[in-house]
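We just call them A, B, C and D in the order they show up, numbering each chain from 1.
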Amino acid sequence: MKAIVYKDARQVELKEVEDARIEAETDALIRITTAGICGSDLHMYEGRSSAEKGTVLGHENMGTVIKTGSAVKSIQVGDRVVIPFNVACGFCFNCERGFTNACLTVNDDAPTGGYGYAGMGPYRGGQAELLRVPFADFNCLKLPGTVGDGLEDDFLLLSDVFPTAYHSTELAHVRPGSTVAIFGAGPVGLNAALCSVIKGASEVYVVDNVQERLQKAKDIGAIPIDFSDGDPADQIMELRKKNSLIRGALRPGEEKMAGVMCGIDAVGYQARSFGSPKKENPVQVLESLVKIINPTGNLGIVGVYTSEDPHGRNKDAKQGILNLPWGDLFEKGIAVGTGQCPVKKYNRFLRDLIISGRAKPSFIVSHRLSLEEAVDAYEKFDERNNGYTKVLLKPALGQKNAA
Amino acid sequence: MKAIVYKDARQVELKEVEDARIEAETDALIRITTAGICGSDLHMYEGRSSAEKGTVLGHENMGTVIKTGSAVKSIQVGDRVVIPFNVACGFCFNCERGFTNACLTVNDDAPTGGYGYAGMGPYRGGQAELLRVPFADFNCLKLPGTVGDGLEDDFLLLSDVFPTAYHSTELAHVRPGSTVAIFGAGPVGLNAALCSVIKGASEVYVVDNVQERLQKAKDIGAIPIDFSDGDPADQIMELRKKNSLIRGALRPGEEKMAGVMCGIDAVGYQARSFGSPKKENPVQVLESLVKIINPTGNLGIVGVYTSEDPHGRNKDAKQGILNLPWGDLFEKGIAVGTGQCPVKKYNRFLRDLIISGRAKPSFIVSHRLSLEEAVDAYEKFDERNNGYTKVLLKPALGQKNAA
Amino acid sequence: MKAIVYKDARQVELKEVEDARIEAETDALIRITTAGICGSDLHMYEGRSSAEKGTVLGHENMGTVIKTGSAVKSIQVGDRVVIPFNVACGFCFNCERGFTNACLTVNDDAPTGGYGYAGMGPYRGGQAELLRVPFADFNCLKLPGTVGDGLEDDFLLLSDVFPTAYHSTELAHVRPGSTVAIFGAGPVGLNAALCSVIKGASEVYVVDNVQERLQKAKDIGAIPIDFSDGDPADQIMELRKKNSLIRGALRPGEEKMAGVMCGIDAVGYQARSFGSPKKENPVQVLESLVKIINPTGNLGIVGVYTSEDPHGRNKDAKQGILNLPWGDLFEKGIAVGTGQCPVKKYNRFLRDLIISGRAKPSFIVSHRLSLEEAVDAYEKFDERNNGYTKVLLKPALGQKNAA
Amino acid sequence: MKAIVYKDARQVELKEVEDARIEAETDALIRITTAGICGSDLHMYEGRSSAEKGTVLGHENMGTVIKTGSAVKSIQVGDRVVIPFNVACGFCFNCERGFTNACLTVNDDAPTGGYGYAGMGPYRGGQAELLRVPFADFNCLKLPGTVGDGLEDDFLLLSDVFPTAYHSTELAHVRPGSTVAIFGAGPVGLNAALCSVIKGASEVYVVDNVQERLQKAKDIGAIPIDFSDGDPADQIMELRKKNSLIRGALRPGEEKMAGVMCGIDAVGYQARSFGSPKKENPVQVLESLVKIINPTGNLGIVGVYTSEDPHGRNKDAKQGILNLPWGDLFEKGIAVGTGQCPVKKYNRFLRDLIISGRAKPSFIVSHRLSLEEAVDAYEKFDERNNGYTKVLLKPALGQKNAA
């Protein structure tokens, strides 16, 4: 089969590799119809991970079941399915409590598994024609309809972006009437804004400096904050103070809650400095969040932080040790949720929101390309070429081109 | 001051009564700008309660603060405020746990207090020119803007209907992606549909037989079910089965979940028989809910049931004893939440949804009348005259007419 | 293998039947070391179910793994395991949300599966020498130690009684400082008292009329209430009123909370009349609970109610339709949780409580018998012979006797 | 009245000051029967705060009501009451959501109020003969009994230590069967161990280096870990690995959860270095907690961190900026709760645990002294004189001595 393979820092290639196949009774084999390129793929692409040469990339995968192992019960050949990026067994201590992001069974090296990713176990990715899915009954989410039904890209986002975004709103306790500040208007940040709106938040602020992305935030009902215009926390507080209805509802003393109740970090350790966006500043988003969140508020962190960053700017950064405003955070009594999303906790009801027409997460998709076009796309995406918000790969496009 | 006063079964009158006034240091005095007539006022109107002659009616109240007791701190003369229907102290065992619907301080006769209502303590209602609000710091919700700002009727509904509707969705565990069946398209049922949509439910069914109300349900994105067309539970299951996307997502065995996960009773003991709408059938809604809710589902009951109904059709009904499908309910493992809404738990963030423009609960309001027109409105409302979905009284209208 | 088999109303027999064996790749085969007889087995024994002749009984099972299917990963030959009474797949809509009591995969006839029980699917019970466990990775809970370590009987109770009791305390919202009334001092009721104590409840009342059982309640720190001495709700309220420390902490109005906050029904539809214990009265426990629970309280129902009772005293009772004080329940705003326990939600950490020595649920065990003695035990147990609180069967005892 | 007054760094004095008195209709006046000296009082004592000369110290207060303002309803002269350390209004945005630790009404300078503490508003402390309690209905917890009933010291601890300890277990998600590591065996740490046991935790590890305190931890059923004996996280993992029952319950892969699920920081920024206990190391406890907590675990931080520490060892430390292992924390997906305890959320049911005899938090009290002895006690306590675990002041003792 054809697959996108990691070669070396800033080099991937399209290559013939051995076909994915059924390896255990509980496996399913999927013909990929769509696979996403994720921002976290760039951690590998840029050589900031332990990814080995030859890794087949891709953890955002969907397709059609073409074969099932003899023990598979609930999924049948012909089913359209989307696959969570976490590989999970369904029966270990963590899976049985819903933490499929921390499966203890599928990866000897760490308490977590995934497709096509450094350190996440021996699972090849889905930026390819075929994908083996272990523990298929547990890991396949069945979808209705067919490839051309206009829902394919929405369903694809159930593999990672949409649930991860939703997870961030859970960690941040976003509820009806909440005030929310989201840092980062990439695919996850924008979907976090969408999820906040779906959950009935009353004010959703999205911070970034890319105009197209800020416009998308505005389109779905969020309030864009361009950090090029000044400190984003100050901007949000200023906007809230200027709003006569918000101000008019305050009783004496309540002006001490000038910020928001919920904060989301959809950026992570590779954050750009607000003042000098060409430089990284891994603590600036966290500092801003601690500033903008009100006392008793909640912070959800899904932007990736890592304990090993070969490119970190100093010894501490290389080990993921950051200099954080802990005294402020404690005095405000903020609660913080962190970590990878357990996709299965959310993907089913998010699917139902897509089915009912209430959610259209694919508004973030910028490109639909063949596998043949993927190598170039990686390069452009890595340049933070702003048009490349979200690239989806469609193996069938290449076959059409070839035909 | 002028006030609407209970006289006898099916008789209320507009009367001059002693002015409401500050009676304790913690009181505030409110000039009513809007007061609602509630479906539960009809329980008294129809003589199905222990209401005493002379009771000033009205528990849905808002207005402008014209005087405050010496101990009041957070509310000032001139503030626009809306008042929860529950009178609550803020410091008893129940209030401090958030159950302001069960205050132990304000009513010697029962663990609950309210304005202008039989058995709810010595508090006069707000279908009048003035209202005394006890424990004003705790009971007044401050509002921005002024009477003519287009938000008055939305804010009024924060006193009862909108929070009660929201409460029903909390009791029924409505969440993003939920499937919901709501029985009753009166003000509370329709607002429960609105709240379900705000919370991101994927399917919201509303059962009634009044076309105007079913149309309103449809307008906000719910699916109307007319019980004149057949058993409503069957209709919902049939609709779900016909939907090819819903059906296409099922795996083997999942067809056993043909109903919905969340059920709401927004009707109560005065429910009409589906087959013979002129007769009451107090158990039919509950029977239908137990039928339509899936195993492991949740039921929220905010439609009123009572332990004393002088008009009950038999000895059991007179004591609120009902013949219920308990075996089915147990086998399905359904959880049931019941009771009056603790308005303060929700009114602040629901206010913020109105302020941000994300909620417009006043779509149910059918009439805006003067106090002078209230007597006639009670009569029409009691006839279940279908146009009379929700009547709001505006004392200032009468003054204008008089002027 | 030898097994206890249902023959007809009030007749079971010990019989040679075909050996249990591996039937699917995901199965495990267990040699039973201990199996319980459950109160719900008597529903079948008495002919009050649809149990078919030949059913191998027993849903409380533990033993040693002697063989595993080829797809089993986490359980090995030689492992000591205890098996939840619910048979569950681990991947359907209900299992993935933790509701293993409502598995959609394992039983074509109903959304629930179990071993050796009428209507719960084609799974033979464990009152036998061998047991087939489907979806073994998901359904086996691994145990440390060996048969003679003094923990065997505690571990056996992880199959049903201990988790079901714990579940009742979850449904009833028992927490540190809670006041709890438990109706029924059978194995589940007594373990519910134990779980309430473990959770830090401050007052735990247990209602029954059997002295030995009331004594056991007292032994673990609960307060026994003998319903022979008068209305149990009145007795509890009287005791609370007499306690000068409880009374001394009340502020004005708080005497309206004279009952308890948490109520547990560990009896079900076969409840005995308080006044005439030889007669059944299926609503008396529920009536008492509604009386004793305070406004805003919670009720957990794990005593079994059924929608089909051939022995019901009238047409309604035969369908599980009960005459309940719904008006009182609503006015108090009580929330009710019902249904079978999802054992896997609790069994692992309850195991850890046994391992650490903090829980000893086996204080309820009255008999440890061979399979040969089981037929007689069923008879005695059914006579409500009071000594027979809990019978455990140990196949090895019979073999020893035989040797 | 006599009172303990802050004079300067490491100087307090017993002084005659103006009597506390009723200042508002909602106040109560208390004659102090017992007042605690808290570890956080030492932050002021040592000059590491903005405390002003003349501050009357003491935020752990109980006594007898001797006068009430005219608006006070639920508390009467003669009532025995304990007062939460947080001063709170009961009606602001934070109080109404239960966050009485972040009251917006009572302190113009910050969103939090307290007695006798720098930056917590104009409220004098209770290490004195009399105390003014604002918003008395909301802030007084009524107690039964009288001073000599053997419960006085337990009740006193309801003002801060016991609820703060309980809060830490809530932030850390301690539940039945939990594994817990608590850093710090001071009053809060030891009470956190007690609360963990009350909640049914299965393993509770307490880390310190003071033998008396470790012994007290052992006495209540916790496992003492002496950090003088080596890295405490390593010690805990070693102990768990050596326990054959714990080890025997593991399935393949579950050894990746070698630590505990719940971690509690009961130390804060003045933490001593494990290796050199005479030096401070403000990040060592947090580093150890991140090491010992399992993936998906929870961390509760109630040890105080501050945004202004004049004695901080460098510029960052002076602002409460700490160098933390954020990459590890994220990779484990740990959730962190922080901040001051909202005492009212817990004090009532913790009182009921004391009343029922199920909790005896006063096992930590080392000294019961007169106000006259307080100055000396501050000095000894500040020297970390190990015997001085918890000092309670009893004004009546001094009067007896004087008499």
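Here is the rule we use: contacts are C-beta pairs under 8 Å (C-beta built on N, C-alpha and C of every residue); 3 or more make two chains touch, one makes a residue touch a chain.
Since this is a predicted model, take the numbers as computed values, not measurements.
J.: What chains touch subunit A and also subunit D?
T.: Shared contacts of subunit A and subunit D: B, C.
J.: Which chain pair is joined by more contacting C-beta pairs, A-C or C-D?
T.: C-D
J.: Just how far, in Å, is the C-alpha centre of subunit D from the one of subunit C?
T.: One centre to the other, that is 41 Å.
J.: Taking the mean of the CA coordinates per chain, how far is subunit A from subunit C in Å?
T.: 43
J.: Multi-chain contacts in subunit D: which residues touch at least two other chains?
T.: 73-74, 92-93, 105, 251-253, 348
J.: For the complex, give me every residue of subunit C touching subunit D.
T.: Touch residues, subunit C against subunit D: 73-75, 142-145, 166, 175-179, 195, 198-200, 202-203, 244-253, 348-353, 355-356, 358.
J.: Can you tell me which positions in subunit D touch subunit A when the two form their complex?
T.: Going by the criterion above, the answer is residues 92-94, 97, 99, 101-102, 104-105, 108, 110-112, 171, 251-254, 256-257, 269, 286, 295-296, 301, 304-309, 316, 319-340.
J.: Where on subunit B does subunit D make contact in their complex?
T.: 24-26, 69-71, 73-74, 89-93, 96, 98, 105, 137-138, 344, 348
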